[in-house]
Every structure is written in C-alpha cells, then in structure tokens.
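Chain nomenclature is as follows: A, B, C, D and E, assigned in order of appearance, with residue numbering initiated at 1 for each chain independently.
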Amino acid sequence: MSTTEEKEQTAGEQGGEHGPEEATHEPVKPGAWRFLIPIVAFGAGFVSLLVLGWVIFPHLLYGEKQQPVDFSHVVHQEAVDEGCESCHFFREDGSFSGIPKLENCVQCHEEPMGESSEEAKFIAEYVEPGKEIPWHVYARQPQCAFFSHAAHVKMAELECAKCHGPVGDSDHARPYQYNRLTKYSRDIWGWNIAGFKKKTADRMKMDDCAECHEESKGHKDACFVCHK
Amino acid sequence: MRFFAKFSELDSALIPKGVKRCSFQCFLVWIGILHIPLMVGVVATLMCWGLALNVTYLNNNFPFGLWIAADLGVIALGAGAFFTGFLRYIVKIDELKNIVNFAVVVGVICYAAAQGILGVDIGQPLRGWFIFWHANVHSMLTEVAFCITCYFMVLCIEYFPLILENRRIYKFGFPHGVAHHLHETMPTIAAIGVFLSFFHQGSLGGVPGVLYGRPFAFREGFLVWPWTFFLFILSAIACGPCFTILITWITEKFARKRLVKRNVIDILAKISGRMLALYLILKTIDTLYWVKVAGDVGSPFRSFYANQPYGYWVLVMELGILGVIPAIILLSTKARQNENLLILACLLNCAGIFMNRWIMTVQTLAVPVMSFDKFISYHPNWVEYASTLLWLWLGAIFISLTYRYLPIFPQEKELNPY
Amino acid sequence: MDRRTFLEILVGSTAGAGAGFMLTPVNWKLMDDVTIWTQEVWPDFFAGIPERGEVTHANSVCNLCPGGCGITVRKVADRATKIEGRRGYPVNDGGICILGAAGLQLLYGPWRVPSPLRRVGKPGSGKFEKISWEEAISEVVRKLSVLRRKGKAHTVASILGSDRGTVPNLFARFLKAYGSPNFICTTSAEDTSELALKLMQGGKASAGYDLERANFILSFGSGLIEGWGSPVRVIKAHSLWRSGNLRKRATVVQIEPRLSNTAAKADNWYPVNPGTEAALALGLAHVIIRESLYNIYFIRNHTSGFEDWTDSAGNTHMGFKRLVLTEYTPDAVSRTTGIAAKKIVKLARAFARARRPLAVWGRGKGSVSGSLYECMAVHALNALVGNINKPGGVSVRPEIATHTWPRVYQDATALAGFSRSRIDGANTNRYPLTKYLPDRWPQIISRKEAGTIQALFVHDADPYYTTLDTSAVAKAFEQIPFVVSFSSYLDETAFHSDLILPNHHYLERWEDLPTPIGLQKPMLSLLRPVVSPQFDTRHVGDVLMTIARSLGGAVANAFPWRNYKALLKETMGDKWSTMKKTGYVEEADYQPPIWKDAFATRSRRFEFYTTALKRAGMKRNKDLDYLPHYEPITPEGDSETYPLTLIPYELIRLADGAIGNPPFCTKAVEMTELKGNDIFVEINPKTAGDYGLAKGRYAMLETPKGKAKVLVHLSEGIMPGLIGMPKGLGHAGYDGYLAGKGVNVNSLMGVVEDPISGLCATWGIQAKLTSV
Amino acid sequence: MKEVHHKGHGNEHHKGHGRTYKYGMVIDLDKCTGCGACMVACMAENNLPFRKDNTNDRLTQNFWMRVYKISNGRPFPDSEICYIPRPCQHCEGYDHHHHTPCVSVCPATATDYSHETGIVSQIYTRCFGCRYCMAACPYHVRVFNWWDPKWPKGMNKYLNPDVSVRMRGVVEKCSFCYHRLQRARNKAYVEGRREVHEDEYQTACTQACPAGAVTFGDLINPKHKVYKLKDSPYAFRLLEKLGTNPKVYYVSTKDWVRKAGKVFLGNEGRG
Amino acid sequence: MFPFAFEWVNDPVHFVFMGSVYTVLILLVIILHYCGIRGFLDWLCKKEDHNDH
C-alpha cells in the first residue's frame, strides 16, 4: 500500500518540528552506520535503567537510622552466664521477651559497669529518667505473623543464628535500615535488593520460613501455623 | 485555532485511504459526549477504590452482585471474537474475514471490561496479582483469571496488526513487516485463543456450579462436567456472534452506511441460531433433570422460586422469551433476512445471556439455604451501574477511534465507493 | 537531527529502558512493597495498632450491675485488652455477660468525661469547659458553704445508685454531717422484695434464692435469663436446670404476657394478663390450700395469720386461708388473669408437689420496684410450700459486717437541717416503711415552689434517663440551680449537670462491693484498679472527703481518714488482706437460720397477716390491707383514647440502667428491635390486623405521657392488645454509638405508685398505635 | 472442568508429623439463652469493628459469632423461640467427594483447611477480597470488611495484638480463636510438652458463655468433653445434608429446632 | 519456588494447569519475537537496498 515516495515526503514535511531539542545524543552518522542509531539508543536506555534499578533504587527505597545506644553483644556475651537466653528469655506463658526491657538492663546497669561512653550515655539518657530504650528491631515481623520462638528454639532446637545471623558476635549495633514504603526492617527482604540470599539468615520473608519448613517437615505447613 | 488545524491535519492523515469519515469537529463532539457518562463511571470507580466498597449495595448476603453478573455476561458476549476466529481460521469460512477484525475489537472491549470490572469488584485491587502468584488451581476463579488474562493478551496480539495497518504507521517498513508476519501466524494465535476461551467459557459455568453450599446453582457429577461446562460454552458462542452483529449494526447506524455484507452477517446469525437452539435443548434437559433431582431430595424446587422478584417468571423469561424466540428468528432464513427481526433476536439473545449470568450468580445467593435464613433481595446502586457502564462508554470510544483510523472493515470501500 | 533519527533514538532508548527495567528488581520489589503497604501500613493508618507486649492478667469485680461477677482482665503491657469471667469465682465461675464483656469499650470510649467539666452553655445544651480539679472542688465548696450559712443545708440532696458499700455510706455520712436528710437512692424490685421480707419475716435482710437446688421454678415475670438478679449466676443455674438425662433437672414455668427469652426457654409459658400476677399467685395458693398440698408442718408451727385469728382486743381477723379460699377461686382468677382454670389447678398441683419448688418475683431484670402486695403474694406461695430458708428455697441473707465508722458529730446547723422531712416523702407517715422514693421527687419538685432543692449530687445513677416520665424529670432538673454529677461517662444526667466531677472508671479504682443480688451467702468483694486512670479523673470518695475537709468544722471532722483507700482499708478491717489477695471474702459456710429462729416478727413466725405494717402506722383498717392480696395497679390513660397497653420489656443485650449500652452490645441487638435509629415495637399480628398496622412499617405510638415514631414488628410471642417496647434505647447522652438510637420507653411511661410502699409500680401504660 | 479435591491429602500429608486433631464445638441449644455474651466476647477478642450507623440488619455488620433467633412459626400462644449461635462451622467436607466449600474456591489460597487441627484458616493479608468464598458458604459465616478499620479515639487501646486488624476489602471469619492455640502451644513447648491440654485451648465464646452452652475441644480425642457430647441423640449439625461435614454440633431436645437446623433437603444425606 | 505458583503442590491438577498456562505464554512470546525479529530483519534488508539505491 505505501510507497517510498510517501515516506520521504512526510519525513521531509515534518522533520524540522522536533529536531533541535533532541540533539543531545550522538551526532547523526551518515551512510552504513546509520542503522546503529536505534541499537545504540537501545543500549543507552538499557544500561541507564539497569543502573537506576540496581544502584540508585535501593538508596531511594530504604531509610537509615542509628540505634539509640551502640550495643555490643560481644561485651555482654562475656559478662553473662546463659548465653542469649540471659537477656532474651522465655516468659512463663511461653512467649518470648524479645529485646529486653529497661528493667532487665537495670538489673546490672544501675551504676556504670565500665568506662565506655556509650554506657554512660545509656545510663544518663535512659536509666536515670527510667525511659524505655526505643530500639529499632531488625527482625520485627509483620502484624499478621505469629512467630513462635518457643516452637523454634525449644522444640526444633534451632540456633538463634540460623535466622538472626551471628548477632551475638557483633561489637557494634549496625545501622537499622527500613523500607520507606512498608516500614519494614530491611532485614526482612534481605540486604540484597534482588532478594538473593546465601545463608538462611540473609532473608526473613515468608518464602524463607516456608523453605525451612518444607526441608524439615516435608511440607510448607498450614497458613495458621504462623499467621494470625 | 492553529493547534486545532494541526490536529485536524494529523487526523485526516491518519484516516484510512479511500474511506469517508465525518469531520474532525463532529468526531470531537461525539467523543466529548461520550465523556460525560464516562466521567460518572470514573467517579464511581474512584469512589469504590477510595472509599471502599461500602458505597455499593453489595452486602454480606450478596457478596456477588451486578459486577460479577456483568463480568460473566461480557465474557460471554465477547465470545464472538474467539468463535468467529475459530470459524475463520480453523473451520476456514472465508467470508468471515470481513467481520473477524471487528469481532476482535468487540472481544478486546469485552475482555478489558471483564478485567476492569473485576478490578473494581475486588476489595484490595493492589493485591489482585495474588490470583496469579498464589494461585489456587482448584478455584474456578483462578482458572478464569488466568484464561481471560492470557486470552486478553491473545486478543491484543490479534488487534495489534490492525494498529500497524494504520496508514501512517504502515508506511514505516518495520511495522509493516511485523504486521505481515503476524498475519501469517494468525491461525496459530487464533487456535491458542480458541483453546483459552473454550476453557474459561466453560469454567465460568463452574464458578457458581461448584458452590455445593448453594443448591440452586450446584450441579453434580455428569451435570457439572461436562454438562454445565459445555452449556456455558454453548451459551457463549450462541450469543457472542449475535453481540458482534449487534455492535456492527449499531456501528453501521452511527456511520450511516453499510460496513459488512449481508451474507457475512447471515452466516454468523445462522450459526448463532443453531448454537442457541442446541443450547436450549441441553439447557432444558439440564433444568428438567435438576427439577427431578431437586424433587428427589425433598422438593426445594418450589422454594427456589418462592420469593419475589425471583418467581417462576424468571424461568419463563430466561428460557422462553429470551431463548426460544431469538432461536426461532435466527433459525428461520426468512426471519433472518428481516433486519429488524434479526436485531431483535440479537438483542433478546444477548439479554438472555445476561439474565442467565445474573441468575447463576445473584439469584443463587438470594435463595435462602438455611431454613431460618431470611430472604433478602438485592439491586445494584448507581455506583455499581456507573462503574459497569463505564466500559460501555470506553468501548464506544474505542470502537469510534478504531473505526475512524484503522481499516477494520475490508468491505467498506467496496460497499461505499466515492 | 532529522525526524527519523529522533524517532529511532526515541523508540530505541524507550525499548532499551523498558527491557532494562524488566531486568531490574524495581518492578518486582515495588509490587511486593505496595502489597505490603496494603497489608501493614494501610490498616495501621486507620486502626492505630498498638505495640505488642507482655501479657498479664489482673482480677477485679464487675460493677456494671448489682450482679457482682468476678472478672479477669487480660492486659498487654499497660493496656487492658479483654475482660473475661474470673474462673473459680463464687458468683460466675468463668462466665461473663454481654455487658461485662464489653466493659473495655466503656473504659476507653470517647464518652468518658476526660476531666472536671463546668457547664458554659444553657442548661442541657451540653456545652462544657474543662476546669481543674481545684477549681471544680472549690466551686462545690463555695456553693455548699453558702447554702449552709443560709440555713438551707437541707436543700442539698444526693441521688445514688445504691445505698450499700463505703462510697454510698460516705455520701450518707456527708449529708448527715452537712445537715440534709435527702439521701436518695434509686430503687428496684430488690427494695420491694426487702420490704416484703421485712413485713412477713421481720428484720432487715435481702432475699437469697437457691436457684441451683430448686427443681420447680415458678417465675412471675422475672427475666431469669434476661438479667434478673446476678445475671451470670442465674443463667448458670438455668443451665443446671437443663442438665441431666432428659435435660429436665428442674421445671421452669414462666408467667408473663410476652414470649421473653425466659418464657421461650421455660417448660411452660403462661401468658397472663399483665398486672394480674398477684391474682394468679393467690389462685395457685387457693388450689394448694384447698387440696391441702401445703407444708402443714411449717404452716402450723411457724406461721401466723394463716387461719383466722383473734387479737388481744378480741377482734377477729381474717386469715390468709379464708381470704384466698373465698376470693381467689380458679374460676375467678381465670377471669382476671386470662389463664384457664384447669391450667391454674394443674400448675398449682405441679408446684406444690415438686420436691423443691421456688417462686420468684421481680418483673424483667427487676429494675422497676413493683407492687408490694404482688411480691407478698408470691412470697406467700413460697411459705405455703415451706421452702423458706430451705435448700432450693428462698432464704434471708445478711451482709458481712464491716468495721463501723465513728459516730458523726452533728453541729447545730446539721441537726437542724437533718431533722427536716425528706423531699421525696419517704419515711413519712404516708410511706413509713420506705427508705427512698426516687421516682416521686420530680413531681414533688415541680409541684412545690422553687428552691426545694438547691444542690443535687448524682453518683452511680442516671435519673435523667431511668426515671419514668422523663419530661417531668427534665422539669425538675430545671428547678435545681446546681447539679453535680460524679459520672465517668457523659450520660444524660451528666449532660444536664452544672458540674461534672468524673469518678474513676470501675477498672481504675478501689471500691468495695456488697453481696451480689439474690445470692444466698454473704460476700464482700473488692474492685481494684486494673489500669491506671486514662483521664484526669478522681475517686469519688476522695473528692467527697476533700469537699468535706474544705467545708471545715464538724463536716470536716466527720472524715478523719487520709484518703479513700485508707478508709476502705480501715473499714474492711481484718478482711482487707484476704480481699486484697483473693479479691473477695465469702461466708461460705453461712446457713440461714432454722425455722425456729428464722423470723424476727413480733410473733416470731412467718406472718401472712403482717402486723408490722399495722404497727408502722398505716391508716388502713380492713384486714385485707395486711394480707397479700390482688390490688390492681391500673395503668395510666383511658382505654377509650388509648385502646392498647404498652409494656416495656428488657433485654440482656441492652443495658437499660445507669450504664449506657456499649457499641458492641448495641451491635448485638436484634434486627427486630432496632433498625438504624428506629426502634421496633412488638405487636401480635392480630393487633396489627385490628389497627391496620403492617410489618416493618412506621407507626405513631402515643401514650398519655408522650408519643414517638416507631417501626412495627409482628410477633406471635406477644398477647394481642399489648405493645412491647425494648428498654434501654433512646439515649441522648454518650455518643453517636448510642445517642439517638431508638426511643426511651421511660419517656412514654408515668409513675404509678404502689399504695403501700409508694415505690414505682408501673408495669405499663395505655397507648395507641396508628400507622403513619 | 477439573475434578476438585483436597490439595495435599490429609493423611499422607502429615505422615509422621505428630498427632492430628479435629477441633470442634458442641453447642447446647437447650442451655443457650441467647444472651449474646459469645458475640461480644468474640468481638472483643478478635478486634471486630463496629460503627455508629450500624443498622442492625446483619448485612454489613461483621460478626464472627452470630446468634440467630429462630421461631417455630406457630401462632400465639404456641409460639416458641430458639437461639442458634453460629460460629464458623469449620467444614471438613468428605475426602475426594466434597471439600470445605470456601477453601477450594479461593483463588489466592487465602483460606485453607488444616488437616492437622481441622481449622479453616483465613489469612487477611493474602485475601484480596473477591468474595467467592462468601458465595460458597451457605452459613453466612464469612463477612467482608466494607469499611476501613476505624475505632473511636482511644478505643484502639484494647486491640488484641494476637489477632491482626483486618484492612478494608478483605473477607474475615471465625478462626476458632486460633491464636489461643498458638499461645497455648508456646506455653506447652516451653514446658517441654507437645500436647496442649483441653482447658489450655478454649475459644473466647466458649470461655465467655455464662450458660456453659458452648463446649470446645478435640472431636477425636475420647478424653475431651466434646467427644461424648457430639454423639448425643439430640445432636445435629447445620445443613448436614449438604455434605459440608461441619465441626460444630448442636444439641437440642426440641424436634422443630433440630429440623430447622439440619434440614435443607429432605432425605438423609451422605456421611 | 516455581514462578507464578507459590502454593505449589505436587499434584496432577497443578501440572496440567500450570503446564497449559506456561505453554500458552511461551507460545505467545515465541510468536511475538518471531514476528518482531522477522519484521526487523526484513526492514534492515530493505533499508540497505534503499541506501544502496
């Protein structure tokens, strides 16, 4: 139906309309190389989106906060007798205490125990006014999840590090990153923006729960095992 | 004014060669008029999304209402696309090539409408993708969702070459080539479409049919598979072509000229009539059997029709007035030739399918199951109507644009030389 | 660059960007995150989901009704999240009623009074300003000092929900020291019942019903499962009756014109003409006596006034037997009550022959005081079958003695004021036996000259809503220049007060609670703070003591305690430690006295013929007046204009007293009782036919006291000619969750006084219902 | 149309993974007084919303436990009333024949029948509100969140953290207070037990019922009270004939109540 | 985890259903790419012709 004459004609007619604004790209090469133009343009668009998606996007998505006190698990591990359970213990009703309340801390820290400036700050800012420490919880699970520490630690005898990683060996509290959209801790999706993980502790999404359940129990379990 | 002139110029450059279209001003006014009800629909949709579904008359007794009935209805009406494609590319009824493009256009609208309405209907549209990601393949809705999404893709692929065939786009070499090759593969695509459509048209029957807690819609054993399955396919392919005819006729009325030759229409009408007749026979058997089964287990049949507005008239209306009458018209060669009768038959047939889908969903829910349930009636409110009719206006705009700029009626030039 | 190059670059880079985008995690990640946003952030935005925390439980007692159930409050961190029935508690053992379960809505609701409020708008306008406690208290003190100085101490009155426990006693003590006799409490069927016991058995005690062991329960309109007595306990007893092999451990007979839940659950339902229950009771007595089915031993040895008797002056008096045998033949009773004579005979035999029969009295939940003679007639049935102080019967139950307070020293002003006669007319020659007549004072105030009451304290009561003939109450309130409410909630009375001094909510405060109503064993339980006060509220006891101290002089001296808790501790004495530990003390081994010692009447016997009434100075001379008999309490209104009779009915799902119904309970109200803001009245389809009324349609309900637009509900469970209307709706106070829903049936009713006690004996009112 | 049956057939699915339970309920209608405490206890336990303009028509109000008032329809004075508390029936269906009506229809696997506990779960964060399950349920136990979960100011304080607050646009229903089982299990695990005692796991309505009309427990454990109660000659289940195989049993000595409850279709059903 | 099916269960229904879905999707993708690439190649050939011309 169409003819080459028509094509050239229209191009000639309207060519001047848009030209100058778009001249930022490489100059037009005449002749045989011309067919490369769309290919190069394709490549440029492709690469810039890749950079945007993989490098810039995570910075936009996640915000960062410092923990109120730079807590050293190493120092505390040495000071206590019963390992993690000295501070992260089970209550009588089977629930897990999670991050200790101030009252637990005060049992030892009524007065400064060491020289550290962080401890001094902690005592001045929280112990003395009796204010709870607003910790940011790396592993905070969503409202809809019921995570039973008892089932995992007491029954399945999992190590804390299996999910939490080697927190106990940390000498400093790492910065807490949170998803600006969902308010989740970054640890849930994992620090890899693509969601790839190497170790079990790298991610805490439902898939990861299901993966482990499938390995150990042979099935992913019913929804209500962990949901509420 | 200069802008307008520019656009007007562009507009005339886009209009297919050798056909006459109304003036650009006239077209703009027409599109503008369509935007008035369209905006009402948009407002209704935004209300549903913004204020939650309490703005509708749906309630806990009627979780399904107009929207689901409309969904099932438009999918059936859109069956014209797959069935015409099937006849054209697989059965190879060559005349149908003159209407198959338009059938695709109607199909695209219907399937887009189905998805769009579902997008308003569900309470959490932002999570709608769960139906694919967390699919429960035992659910009829999953099957339907997968099929209509895939089939919508197919329809888009079928529609795509039409765009490429636009006068201006076609001039570029690349689109030309793509369109050409797409045309080549069209039979394969049509076959995929037929496969998909076949399944979800049937599965739609299963949507209420598997609800064994709702004895009104529930069928068991042979009656559910393959009976209901094929009943739904049959009903869809009986009315789909009729809907295509109806829309073609309406388009012709607006265009004020013939666009498709009578013999093409007649073929579709004839096939539609046969399908409808077959459907009615099977549906009657199904109904009688259902009455018998219902009678066997304690005669709730009467109770199904005990509460107005769902009395026995529903049965008479659905099968008689909206079933037998159009079937007779469509089967009779003489009656078919009368355009008024033909269009009446198409209208009745399409209304019949809609009524059938309404009965299968809304009446199913209205019939009390527990002996101490209270009968409650449901009717949609303006929000539901507006957000559903929105797709009518969108469809009208879509057809207007397609008709104006794309060569969808191959016989138009021949029928209207100038 | 030419147009083609531009297009190629545009299309190429867009396609490249598109392809690149598909290979980034952005789309998948955002799709996931948007979803999580809908799952977590969105609901949280609306609901404000609180933090998780440690779960603890705290025990206390519910005081939303006189039932006194033990409750266990589940807390998460410092929030109370759920009220449950306390397991092992003597009253309710783990069960809880609908209102109790919704208690937290009252605690955290927006209808709480957040701080002391002073009215700024016109009276009743509901416009208040927040003021400090000091300001509020000093305002009260200022007003009270002025009144006292002017010698008008007696014009101060208080209306309370109860007269038992330390807080009511503090009020009584305050008024006594201040110089006013007008300590008024709202009354209920319990008051009439106590009076009947006093007259027939002597002494001051409440009735305890051994519902658990009774095996034939004859209920004269008592809503046993609608909140009569201590609701959970009675419902538990009901379950006991329904246990056993054939689920018939006990037979329950309900006598009531309407098919209430109790009637529906009863083995037999006798729809009686409303207000004729006494006649039926006496008709049953007739059969029992005629057929000698009564407990001859008890009647012969421990009762007086059964047979005709001669007094010391030689006058012969009619005995109960003669009265009943002559006046209440089944045929006569049948004509009055509308129940077939045959049925009466059958019922009487069944009742008397049962192993442990028990007749209970108190219409509905027992919120209306009722007719004294009717109560006596029913109690006479209990006496006939000899179940007084017996297992499965009715017994007297004293209160646990607590440490008595030092005597109040009244100065001259106090003495002068205190000796004036009461505003409500109780304890006068006209009504010598009655303690309070809370339903009478509105009329009295409106009749008498202004200034009768200069200040009114309201605590634990909502007279503005609960008193019958609401418009008269409103008028009375207008006459009182200074109304102080101690309510925790913005109820009607608070709404029409000049000053609100909000008390702590019951889950925030210490208080003692007397024995739950209807229990056989004396008990004392402790209300204790479960959560810290949520608003700027203060304990009413502390506030009252602060006021007294600020008034100075003898009034201040009457309150030597440091604060309310110190007073409570001192009052409880040696029981305090147990109460604090377990939440209650109970005389578990309490046994009602045996017949020989049971009766404190002058004759030391159960008196059918109450000499006490005679001695009290009643100006009545017929023998009949001292015997239980049927004296119709005629409803207001002429039956020409008002051909139908409106009877209010009570629902356990609708709190109809001083506490407004919480939203959960209102949500649970049946759709045949409330629809949107419209209330339903229940009528028989026959009535509907007679008056051209249709199901579900609007109608105008009119009584001599007022009119209201209602919806019509047709029910086969109500006697033709009657209109049933649920109690507890039509609030104006609280909040949109309750206010404006339905009609307050109290506003359509008037007070009909009992001829002897003067208490409100209204059971209905003539009405007409026309379709609109 | 596909043959529809259980996904992950119960028995093989859980082979070697501890005991299975069938939690169920027996409700004694002779004892039930229709007081509504179960409804409110449920609403309080499970963070159910309420609104100012509740029209009490039960059509847009959310109840997990709803008490039906039924009448024998006879004229005065032979009229009778019975109350039927109706939690989720937790239908089990019959293997390979009938399945839990709502589970198989859910397109997103937001609802599931657990063969370990016999509880039909509903995951609000998974549900996207298509309401197919509501159409499937003949008991109307499933309700939709037509509104956003708003509470009057300050009322959010009593929200139970063990139960998620449902966002608008999702379906919700009674869970047999599953979170209580989760808590009870926690306690058992810490104490070194795998089994939860009967009284450790009771639903809110069971616990609240002042009449003791609701009994809850493991229907297949002979030590549990429900085991015997469900075999009462007066026991029936709602719409038994449909073949939903519910796990809520009712007991009533009144014939008309039993008939009203179980009858939909006349003849004896399967199972 | 299999794409598009988190709730994967090893039963025939899943295989058939998901199998069909994927067959359809793959077929469509192949067709689109086939047409696109063929069209592009055609265009390139033509273009060179044109330039030579």
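By definition in this document, a residue touches a chain if its C-beta (ideal position, glycine included) is under 8 Å from a C-beta of that chain, and two chains touch if they have at least 3 such contacts.
Everything numeric in this text was worked out from a predicted model, so none of it was measured.
Colleague: Measuring from CA centroids, which chain ends up nearest the centre of the complete protein set?
Modeller: Smallest centre-to-centre distance to the global C-alpha mean: chain D.
Colleague: Would you mind checking which chain's C-alpha centre is most distant from the centre of chain E?
Modeller: C
Colleague: Going by the touch criterion at the top, tell me which pair is linked by more C-beta contacts: A-D or B-D.
Modeller: By the number of C-beta pairs in contact, the winner is B-D.
Colleague: Most remote chain relative to chain B, going by C-alpha centroids?
Modeller: Following the centroid criterion, the farthest chain would be C.
Colleague: Taking each chain's centre as its mean C-alpha position, how far apart are chain C and chain D in Å?
Modeller: Taking the average C-alpha coordinate of chain C and of chain D, the gap between them is 34 Å.
Colleague: Averaged over CA atoms, how far is the centre of chain A from the centre of chain C? Could you give it in whole Å?
Modeller: Those two chain centres are 58 Å apart.
Colleague: Using CA atom averages as chain centres, what separation in Å is found between chain D and chain E?
Modeller: Taking the average C-alpha coordinate of chain D and of chain E, the gap between them is 47 Å.
Colleague: Return the distance between the CA-based centres of chain B and chain E, expressed in whole Å.
Modeller: Going by mean C-alpha positions, chain B sits 27 Å from chain E.
Colleague: Show the residues in chain C shared as contacts by 2 or more other chains, in ascending order.
Modeller: 34, 37-40, 43-44, 49
Colleague: Chain A: which residues touch two or more other chains?
Modeller: Expected reply: 93, 95, 142-144.
Colleague: So which stretches of chain E touch two or more other chains?
Modeller: In chain E, the residues touching two or more other chains are 6-7, 13, 17, 47.
Colleague: Name, in rising order, each residue of chain A that touches chain D in their complex.
Modeller: Interface residues on chain A, with respect to chain D: 90, 92-95, 142-144, 146, 148-151, 154-155, 217-219, 222-225, 227-228.
Colleague: Show me the residue ranges of chain E that touch chain B in the complex, using the header's touch definition.
Modeller: Going by the criterion above, the answer is residues 4-7, 13-14, 17-18, 21, 24-25, 27-28, 31-32, 34-36, 38-43, 46-47.
Colleague: If you look only at chain D, which of its residues touch chain A in the complex?
Modeller: 8, 13-14, 16-17, 109-112, 114-117, 119, 121, 123-126, 162-165, 175, 178-179, 182-192, 194
Colleague: Report the residues of chain C in contact with chain D in the complex, numbered from low to high.
Modeller: Within the complex, chain C contacts chain D at residues 38-40, 42-44, 46-53, 76, 79-85, 92, 94-98, 100-102, 104-105, 107-110, 112, 225, 231-232, 235-236, 238-239, 242-243, 246-247, 259, 261, 264-265, 269, 271, 534, 652-653, 663-676, 684-686, 715-720, 735-737.
Colleague: In their complex, what parts of chain B are in touch with chain C?
Modeller: 124, 126-127, 129-130
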